[in-house]
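Order as written gives the chain letters A, B and C; numbering starts at 1 within each chain.
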Amino acid sequence: MTNGPLLFLGIFATLASSFWGLVLVPQLQLGGQEQVTNSATFGLYPQPRSGSAKQGAEIYRSLGCVECHSQQVRGLGNDMARDWGLRETVAQDYLGDYPVLLGSQRIGPDLANIGARQTNALTLLHHLFNPKLSAPGSIMPPYRFLFEEKRLKEDEKPSPEALVISTDQTRSEVLPRPEATALVDYLLSLRADAPLYEAPFLKPSTNAIGAVSTNTVEAGSTNAVATSNATPAAPLTVPPK
Amino acid sequence: MIASASSECSAAVTAGAVERRLAPSEIDVSCRGPLLLLFVSGLSWLVLGLLLALISSIKLHAPAFLADVPWLTFGRLRPAAMNAILYGFASQTAIGVSLWMMCRLGRTRLLFHTPLFLATALWNSGVLLGLLGILSGGSTGFEWLEMPRFVSPILFLAYALIGSCALVTFYVRAERSIYVSQWYLVAALFWFPWIYSAANMLLVFFPVRGVVQSIVNAWFTNNFLGLWLAPIGLGSIYYFIPKLSGRPLYSAQLAAFGFWTLALFTNWTGLTKLVGGPVPAWITSASIAANFLLVIPLLCAAINWHLTLRGLYWKAKSDATLRYIVFGAASYLAASVISILLGFREISGVTHLTFVEAAQVQLALFGFIAMALFGSLLYIIPRITQREWPSARTARLHFRCSVAGIILIFLSLAAGGILQGFGINNPSAPFLDVMKSTIPFIGISTLGQLLLVAGQMALLWDFVVLLREYAAPLRKTTLGWVMNSEIGKGEARS
Amino acid sequence: MSKKNKKGPPAGSTGRNLPGAKGMAPVAVLPAPETEPVAERRPIPVLLIPLLVLLVYVGDMYLMDHGADVMGKAGPFPRQVFDPFRSYQEVMDRNPESEGDKLLKMGRARFELYCGPCHQSSGAGNPGTGIPPLAGSEWVKTSGAGRAIRIVLNSVKGPIQVLGTTFDNPAMPPWGPQLTDEDIAAILSYVRANNNWGNKAAIVKPGTVKQIRDANASHSEQWTADELLKVPETE
């Protein structure tokens, strides 16, 4: 093989083939996807995120949460039995995301549906502040730099959103910074539980309420995932030393 | 002597008619400056990247370690370490090695010193800015493209300079017949700018919507390893095996068959990373099909290398470079077989998103690519500086540390990952318990990281000693000048 | 490429080793003659070709069997098929048509045939010519379908108020003799649950229609609005 131009042509053609087949064709096929009608809520799906949740997505990206947490409920394996979602996630679920953070490692649990699993913002804040408190033995690092400690004046009452209040002589409380609140808003917005034709629920329902939709669920069945968590809604109080 | 030889040669070039082959040592000397800069910065990034990787590995079993420093949070350290290793070390060293092979195989001098120095400086400042960007929270969130968006034009510009120098070097080669290694080098030099610019365009500058981002990202990461670093690693293996064994390569036809099947199938395999994920099944199926077709180029390489080296494996005992190359070749075969296996849906259902995949990447990146590059460095550096390595012991230490480190990391991550995969698929096992059961394995891999970084520090130290020795006569001359001009000031002091 | 290229001085002997290097142990003796590698010309092992053909065939079959779905209903390479499904048919099987879905599908066809000509496909009716609307109509949206079923079975005579307009002479024929219970259930399901018209009432089952038809078998007159209003809304 001594023909330079031919060599070059071959080198060009081989990469062009996969660029065409794995990049351009998927873009033609999926790039034009639109929101669809959510047959459970009659709204559009996926909904755009609120401003705070959008900021939270930036924090999520910037802190590299994706290094440990995936955001995909897989059709292979046993994710749904683990209650990580009612159904697998499909292309439709990620339309509004940038960047799409599917993840490549599961050092922590999957978060594609965390907003449906865990609806309590305070629990999530506690988990960010000190994971070992809400999940003993957790290997997640504490994100204390997303919180600030505030000294309380003599007769000042602790704020209602305080996480930890120490009642010793130097009275102080721990408050979430805006970053932490935004991050939690983002986590709460992560719900992949709208019924979709291409991703049927594990238990298909039988009663129809939408006339033109084809895949339908009983109203309210989407709330079944939202298990209320028994973690303390009241701030933890550290007794005086 | 060197000076006279080169002036003689340049006279021959200006005459234009005289057919004279350059001596290898002349070629080596012509590569000296730019290559030394590429290699020394490459090894420095490697040590830095491995140190960052070591810290992040420690954080896995001690999450509170350095937890209050946002710049050193796990989610930033890991991509920073990976980027330092991929862009700082692997890409840079691979560029140096391929420039040298281009010159040697084409029997040409390395020209364009100024653009190469400039481009190397640009590349290194790009990597530095990129790492600072990731550590300060400016990551783009796309795997292996985490560096903030202003960095990619810098890197691309630097690469455009280097790549065109390399391709022009290939174009003006004096030896017109093309050897196997050159196919791989030319291909890699051409593929890299394509995948890098396409991925940046489609993900960062004019982002596509939804999961197409993940598709492009998976295509990019696969090709970064398979079409950029791996071909250069393969090029050096194809170069050094016949060279050091003293035999011609077993078969050029077999190599060509292997090259074209590899070129065609590798770039289709990237989407095995998304098997079971939110992309249409036909896309991942196409990748899986291409994935097991890789058996063909793998067989071609294995047959070709083995039949060239048959009966001469003992040479690896005394020849340091061959030792690295053989280890690299073996790792290449092993990592590829594992990658083929991990692609299947049945296996991927367990191993995907676990440490097993990290283990495979580590084996491919360090076991194959880094070892092939180390072997090349061991051969090239003494020739371009015309100096022996200062210490044989350090060189042996480097080999042992690297091999032990890579094997420890690979085995522990693979074992831990298999445990993790089966645990996650067992819904009755609490997730936290599953992760805790993998911690001992992570501990062993941290030990491996420690060995690996120790070995690299030894190599870098050796390299710096060599460079100091090499620079000593230069410094002496400069010092002499200074002493003469300052009228014995230094002598008075001593 | 010449294999006997022995030009050039051995790399280690160029006379530039300066005293600084003394005392250090050399790692490896640099081989004196430097030749660049060459490759011999040998044919490739013949078994590799059939192996390649076989693997291409297997890969092709694998792709066909896992998502390519060339003969499938959604066309080749469908974007709706995700793991673990292999074809569009499997996705359809996992979305079983419920009774409601079947009724709705059937209802649409029956409606267009029997009702659409007067009430319009949009359900807006034609108030100008005395045809009341169905979209948003309070006679349709009741929680039970009893009133609507009676209207379809025996028709209704005016005056009747629909959405604030009084229709004195709705000229609707009684459909009871002509349509089966299932037809009527399907039509009314489509009318009542039609989101596009703003109707979100429950579907109607054929059993309910049969029940009301049997209960009113003796009633052959058209209903009046007052009679209908006496029927409990939830029936």
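Quick note on the criterion: contacts are C-beta pairs under 8 Å (C-beta built on N, C-alpha and C of every residue); 3 or more make two chains touch, one makes a residue touch a chain.
Note that this is a predicted model, so its numbers are computed, not measured.
Farthest from chain A, judged by the mean position of CA atoms in each chain, is B.
Two chain pairs, A-B and A-C, are compared here, and A-B has more C-beta pairs in contact (counted per touch definition above).
In terms of their C-alpha centroids, the spacing between chain B and chain C amounts to 47 Å.
Chain A and chain B have centres, each the mean of its CA atoms, that are 34 Å apart.
Between the CA-based centres of chain A and chain C the separation comes to 26 Å, rounded to the whole angstrom.
Shared interface positions of chain B, i.e. residues touching 2 or more other chains, are given as 177, 252, 275-280, 283, 286, 345.
Annotation for chain A: residues 29-30, 74-76, 88, 90-91 touch two or more other chains. Touching of two or more other chains is recorded for residues 77, 79-85 of chain C. Partner chain A is touched in their complex by these residues of chain C: 77, 79-85, 91, 94-96, 98-101, 103-104, 189-190, 193-196, 199-200, 202-203.
Remark: chain C residues 1, 3, 5, 7-12, 14-18, 20-21, 24-28, 30, 34-45, 48, 51-52, 55-56, 58-60, 62-63, 66-69, 77-86 touch chain B in the complex. The touching residues of chain B, when paired with chain A in their complex, are 59-61, 63-64, 67-70, 73-76, 78-79, 137-143, 171, 176-178, 183, 186-187, 190-191, 194-195, 198, 202-203, 207-216, 219, 223, 227, 252, 256, 260, 263-264, 267-268, 270-271, 273-280, 283, 286-287, 345, 348-350, 352-355, 357-358, 420, 424-427, 431-432, 435-436, 439.
Those residues of chain A lying in contact with chain B across their complex are 1-2, 4, 7-8, 10-12, 14-15, 17-19, 21-23, 26-27, 29-31, 33, 61-68, 70, 72, 74-78, 81-83, 88-91, 93-95, 97-109, 131, 135, 137-145. By the touch criterion stated above, chain A contacts chain C in their complex at residues 25, 29-30, 42, 74-76, 88, 90-91, 197-200, 204-216.
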